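Multiple structures follow.
One chain, chain A, links the two complexes that follow: it is found with chain B in the first and with chain C in the second.
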Partner chain A sequence: MAAALDYLRPASVAEALSLLSTIEGAQPVAGATDVWVGIRSKKHSPKALVSLKNIPNLRFILPDRETDAYEGRAEGVTGDSGVLLGAATTHGDVEDSAWMKTHFPAVHQACSGVGSRQVRNVATVGGNICNAAPCADSAVGLLLYDATLVIAGPAGERELPLSEFFVGPGETRLGPAEILKEVKVPNPGPRTYAWYWKHTRRKGVELPLLGVGARVTLDADGMVEKARVSLGVCAPMPTRSYEAEKVLEGQKLTAELAAEAGEVAAANALVRDTWRGRGWYRREMVRVLVPRVIKLSGALS
Partner chain B sequence: MTRKEERLLPEVERAVRAPEELVVVGKRIPKSDALYKVLGQAQYIYDMQLPGMLYGKILWSERAHAKIISIDTSEAEKVPGVRAVITAQNTPEIRIGFMKDQPVLKKDKVRSFRDEVAAVAATSWEAAEEAISRIKVVYEDLPGIFSPEEAMEEGAPLIHEMDARGKELKDNRIRLPWKLVCGDLEKGKAEATCTVTTSYEVPAVNHCCMGTSACIASFDAGDNLTIYDITQIPSLAKADFLEALKAMGAKGRVRVITPTIGGGFGSKLDTYGYQYIAMLLSHRTKRPVKIVFTREEEFFATSPRQQAKFTITQGCDKEGYLTFREVNATLDNGAYISWGATTPSVMMMPMSSLYRVPNIEFKSTCIYTNNTWAQAMRGYGNPQATFAIDCNMDELAEKAGIDPVEFRRRNANIPGEETPQGFLPRTCGHRECLEAVVEKMGYEGRQSGIVEGTPKARGMGVASLIHVGGGAKIYRSDGCATSIKIDDDGWVDVFSGSQDIGQGLDTVLRQIVAEVLGFKPEKVKIHVGDTDTCGWDAGCHASRSTFVAGNSAKVCAEIVRAQMVANFAAQLEVAEDAISITEGEVLAQTDDPDKQVTKVERLLRRAHMTGRGNTMFMASNFWEPNNKLLAGDFHGNFSMAYTYGVHGVELEVDTETGQVDVINYVAAHDIGKAINPMLLDGQAYGGIMQGIGYALTEEMLFDKGKLLNPNFRDYKILTCLDVVPIEAIIVETDDPEGPFGAKGVGEPGLVPVAPAIANAIYDAVGIRLRRLPMTPDRVLEALWAKAGKAIA
Partner chain C sequence: MKTITFTVNGNPVTLDVSEDANLLSVLNDDLELAGAKEGCGAGECGACTVIVDGVAVTSCLYPACEADGRVVETVEGLVLESGSLHPLQRTFVDYGAVQCGFCTPGMVMSAKALLDKYPNPNEQEVKVALAGNICRCTGYTQIVEAVLAAAEEMKK
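Up next is the complex of A and B:
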């Protein structure tokens, strides 16, 4: 049981930011599914929790779903068929969005596999990103689409590519008085194929042994114009395999090329032995699963 | 094959019952408590609140093995709301476990991370927790021992310097010599033309009860204890608690009451330190004290199925008949003795009596270590032993050049044959189970190996089980008491000494009593779990409840029925044999049309309320099975019936990831007679899923005695999304001793799952996995080893 702590419920982003900057050791929370585990196990002892749940306009999938009070914030921001996710959008919201499934299948898959449905009903995409676990499913999915984070702070808003956000396990470039407000995902363009695979020991309530995402965008001639390979649990943070991406880009996509990308990703993976999984096995799974995920994306057919 | 015919028993007389005679028994009736559980109305101990109740927390050892130099509780006592802080220094010593090697609160020394060092009662959980965090304990570390091998090394430090009687101990071996010899091992070896020796290893696994350990202890002004508890053994727990009361100098009585229990699986077969701590705290404060384990405590401070290693050799003759079986087992008992140390007594059952094998030697040693101490878990030692036996069976079959199914067919158990250990199974559907599974799976036409164009390989495997199905005489009594009363509106209350831990005994007894009385089942209510109102019972264990409590209830109901029939016959002025009662109506063979059909309530009321009657119908009965305690050499018929089964699994191995996916599961159980096929399916599904977890995913991981994965994130119990297609086949052999022919089936569903899966993996990809769980990395490692590829 934790020591008593304040639970504050600001009604706006500005109020939340002001609370965070005035209360030392205040921790922003949304679904709190990770934060509470940390508090209960005494890994974290925040002085206060600042809930973002009551702030309007933080839970939406644009253009698929808007919050009632939304004021046209994202007009033109993401371009056609890009997506703007409110940070308090739950994994369940994404899971339930047929639109996300169609346009951003890898994000949809990543979000649909987090925890259990009960967890997904409250756990938010923004929380998953800010918790910065090496296995964060939604981050691994979003890395494929060059997502950008919209961060609100005392000095206004700033944007930061997701790929630059993580510093280490549980560590990010989010300042103590900042909150993640939105996740902006550009239109990946036509002929884009993407998939996310969560390699697990069981089918539910599970962290991945390894999370593997792959996306390829082909040009009109069928050559790989842009490739993204992202990995969870392969480094101290969700990461891209730039080496594997290089193997794919500018080439004609074949099963052999996909296998080569797997080899290169595996060779460069920063896996290590932990009691949760052995390094050699994780490395081998990168080798095996990267080409499989490319194949599952449909880009090869 | 007739070589053992001379040992066959005479054919037992079977009661002949046409199935259509049964109105309630044999029907798929939903569990009596299902509605209440689904609606959240079932009352668990976590829901209970008593006036003035305090909250108790335990300070667990921070060391695996250390001397306690001092305990300073002064800061804890200052925390507002704290009512008592207890240690071994300020409380009477209570020793627990059947060999009494454990004091509830540890005084001089801790021997594991789950040793209780101190405890607090306070007016809130928060205050209790705060106080616990302020207790200062100074330890002096001792070298820890975390495996039986280390524990048995020359000069290894002693975990216990002396036994409970003060006798000095020389080493860490537990003085329980488990040795079973049947037939003539050397003769069996001489007869064998083919032998295989293999070794197997199984991990510690947790019961993972959804309801964590909890109790509320409450003393009244007369020093009488009422303890709300979640025990599987109300009568035996009461006896344990009474003993503790004596040690505490309390002269009162003990009442054990169990609310709804959130799972047992053997975990509640003993009494634990926390129950005595709640008693001590309550006695000290004169207030009710509640203790509830967190999930982490439930993982590290309750007793798991233990880690064990087996080395087994079996041999067969040139026709493929087993000639001998020789097994050595080493069990990591942990720091103290509970029932886990007696699991070899149940391992003996499959060792001696699974498949027909005349010459046997089984030896097992339990070793003290500084790991968590072991307990009973579904199947007791049976799943561990069967993993060794039935995997080795496949290896022997292969070496002998016989198909694994055909090999089992030749060696299958048969009814009426005394087994080498002296069991007398009057019914045995082993062969029927085998044939049913083989047919249902399409075993004969199976296509094993790589599925073309994929990295996946398919395979099928089978394994068998024997388990006690007619009680198990472990204590001097293996009986059960039942009282039944019927009120004048036809409502029936059944007070059974037995216990329902979610397995559905309440429903099974309801069906049995309703059947005998001729009442509708909804008129019958089962009461268990109150030692003031329910009679004695040996507890809910050994798959005995349907058989023993069922027989007890059946006989009791027959007595009440006879009382009613005599009375109704007089009321209706017909002979007793002209009366029958069915579905709540009394049918009389008489020419008087007014008397031919009467609602039973009418006759009951008339019996009670009219001048000619003033009769109520009630009876009590204690039913003791006719089984025997095992003799000193562990021979004897300790159960009145034996349950058999065969499981078959079809699975897919991903040869690139090592992932094993069960595609289809078929399980046939000979349970004598299904009292309720729906509950039986449930027992099979639950046992099989728990078994798949044992086989593929579950493992308690320790680092020098410290549990690394005390939560559901890292302890991989399977989820509802992991449920595989399961077909549960019921084989009915109508046991002459069982209630309506039934045998017990609580544990069997888990027993042969792991070997069936291991055998199917071999069938698919040709690798033998001899260590559980068979995780993807271990599967892949074995595949690489087979291909001559080294891991980095």
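Up next is the complex of A and C:
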């Protein structure tokens, strides 16, 4: 018989960290939706699950005071600072946040498309990031906005850009005794347009064949000041297409330029064949979808 | 084993559960509430949907230990105190939204969670809320109609 699983519910970050550092094979979970499937199918057998669900102040969207997720910790945070997401914020919290929809549409779209409503009610943004699936929708959305992760560990807190967090499928730079605490997203600035497209075979409750995000911030003269193109399932991890971003930055945004960014993103995408879709098809769709998301973002009008 | 205490359909319960048990098995086997069904066991079919702290969850993916201290509602708790059916149960019957019935408890609980929060959903919002509930019999049309009709009913 396999060693029995323990299930622990610390009441603070400090307690969670001490459990993780003292119990070998302990794994932090929040919604646990993905981890639970792995345990049930015996793919995965952690010694203990350390649930982060009962730690106060890990579930909030700041400064969106309207959401259920807001737990009164807005001091000093204003709309100008961007957004701070608690790692235990659920995809449903983001979906229900009109504020996120307005200010971070691509993150809103990415989170609203994950699983079913039942799963989104439980599965957390932090979990989606730490689970590090190549298709992690919320990560592909957040990469567009230069999100930074706030990670708590035995030696205190550290920050790491999301774009440097992933190492491979299911592998991250999170240490065994660390937890992801917050996701910091800077204010993208005025004249920012962004969109996320989850390419699927059916409309809902599906993993993406591809996730494609694009964001452009225009300067006062309509030139592209900053561009981000992010891709899911185009590499062993959610990635940015730095090559496509270079095509866009410093240029006047036109449909032709967007198409060129698509060509370049496709040429550089590390697509592969899986049972869900073939590599050649993915590459072709990156070429089609990059200009499409730029158009859908509204930046071209 | 861990001892957990939670509220099911308004009644407090305390029991010992195994750390790897899910809420569904606790409801089905320990509490003999057979309404929530196991279809896939992996969060994909919605047959096991119950409401925890006001939101719909797939109880097959919900660690039983995590239910400690929370408020759980299952289809068994829907019947009104007067003994009459909840409007959702009534409209599901009236609109022919039930055939084999396997998906029904989950469908009804997803719909209840939606209506508790958004009493005025449009058709698209109903479809999004029920997208995680698979039905192999009805073709869904009657189910969406039943939920919209129940929403009307509940406004009265």
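The working rule: the second predicted complex is superposed on the first by the 282 of 301 C-alpha atoms of A that agree within 3 Å, B and C clash if a C-alpha of one lies under 4 Å from a C-alpha of the other, contacts with A are read in each partner's own complex, and residues count from 1 in each chain.
As a convention for this text, a contact is a pair of C-beta atoms (placed from the backbone, for glycine too) under 8 Å apart; a residue touches a chain by one contact, two chains touch by 3 or more.
Predicted model, so just to flag it, every value in this text is computed and none were measured.
*Asks:* When the two structures are overlaid on chain A, which partner does A:217 contact: first (chain B), second (chain C), both, or neither?
*Replies:* In the superposition, A:217 touches no partner, neither chain B nor chain C.
*Asks:* Is A:278 in contact with chain B, with chain C, with both, or with neither (first, second, both, neither)?
*Replies:* First partner only.
*Asks:* Just chain B (first), just chain C (second), both, or neither: which does A:9 touch?
*Replies:* So A:9 only meets chain C here.
*Asks:* Once chain A of both complexes is superposed, is A:51 in touch with chain B (first), chain C (second), both, or neither?
*Replies:* In the superposed model, A:51 contacts chain C only, not chain B.
*Asks:* For A:163, is the partner it touches chain B (first), chain C (second), both, or none of the two (neither)?
*Replies:* The answer is neither, since A:163 touches no partner chain.
*Asks:* Counting only touches as set out at the top, which of chain B and chain C does A:39 meet: first, second, both, neither?
*Replies:* second
*Asks:* Taking the superposition as given, does A:204 touch the first partner, chain B, the second, chain C, both, or neither?
*Replies:* both
*Asks:* For A:122, decide between first (touching chain B), second (touching chain C), both and neither.
*Replies:* In the superposition, A:122 touches chain C alone.
*Asks:* Would you mind listing the overlap between the chain B footprint and the chain C footprint on chain A?
*Replies:* Common interface on chain A, chain B vs chain C: 4, 116, 203-205.
*Asks:* Sort out for me which residues of chain A touch chain C in the complex.
*Replies:* Listed in rising order, the residues of chain A that touch chain C are 4-7, 9, 32-33, 36-37, 39-41, 49, 51, 53, 92, 115-119, 121-122, 203-205.
*Asks:* For the complex, give me every residue of chain C touching chain A.
*Replies:* Chain C reaches chain A through residues 2, 19-20, 22, 41-44, 46, 49, 55-58, 61-63, 65-66, 68, 110, 113-114, 128-129, 131-133.
*Asks:* Can you check the complex and tell me which residues of chain B touch chain A?
*Replies:* 125-126, 129-130, 656-658, 697, 701, 703, 708-709, 712-714, 716, 718-722, 775-777, 780-781, 791-792
*Asks:* Help me check something: in the complex, which residues belonging to chain A touch chain B?
*Replies:* By the definition above, chain A touches chain B via 1, 3-4, 116, 199, 201-207, 209, 275-281, 283-285, 288-289.
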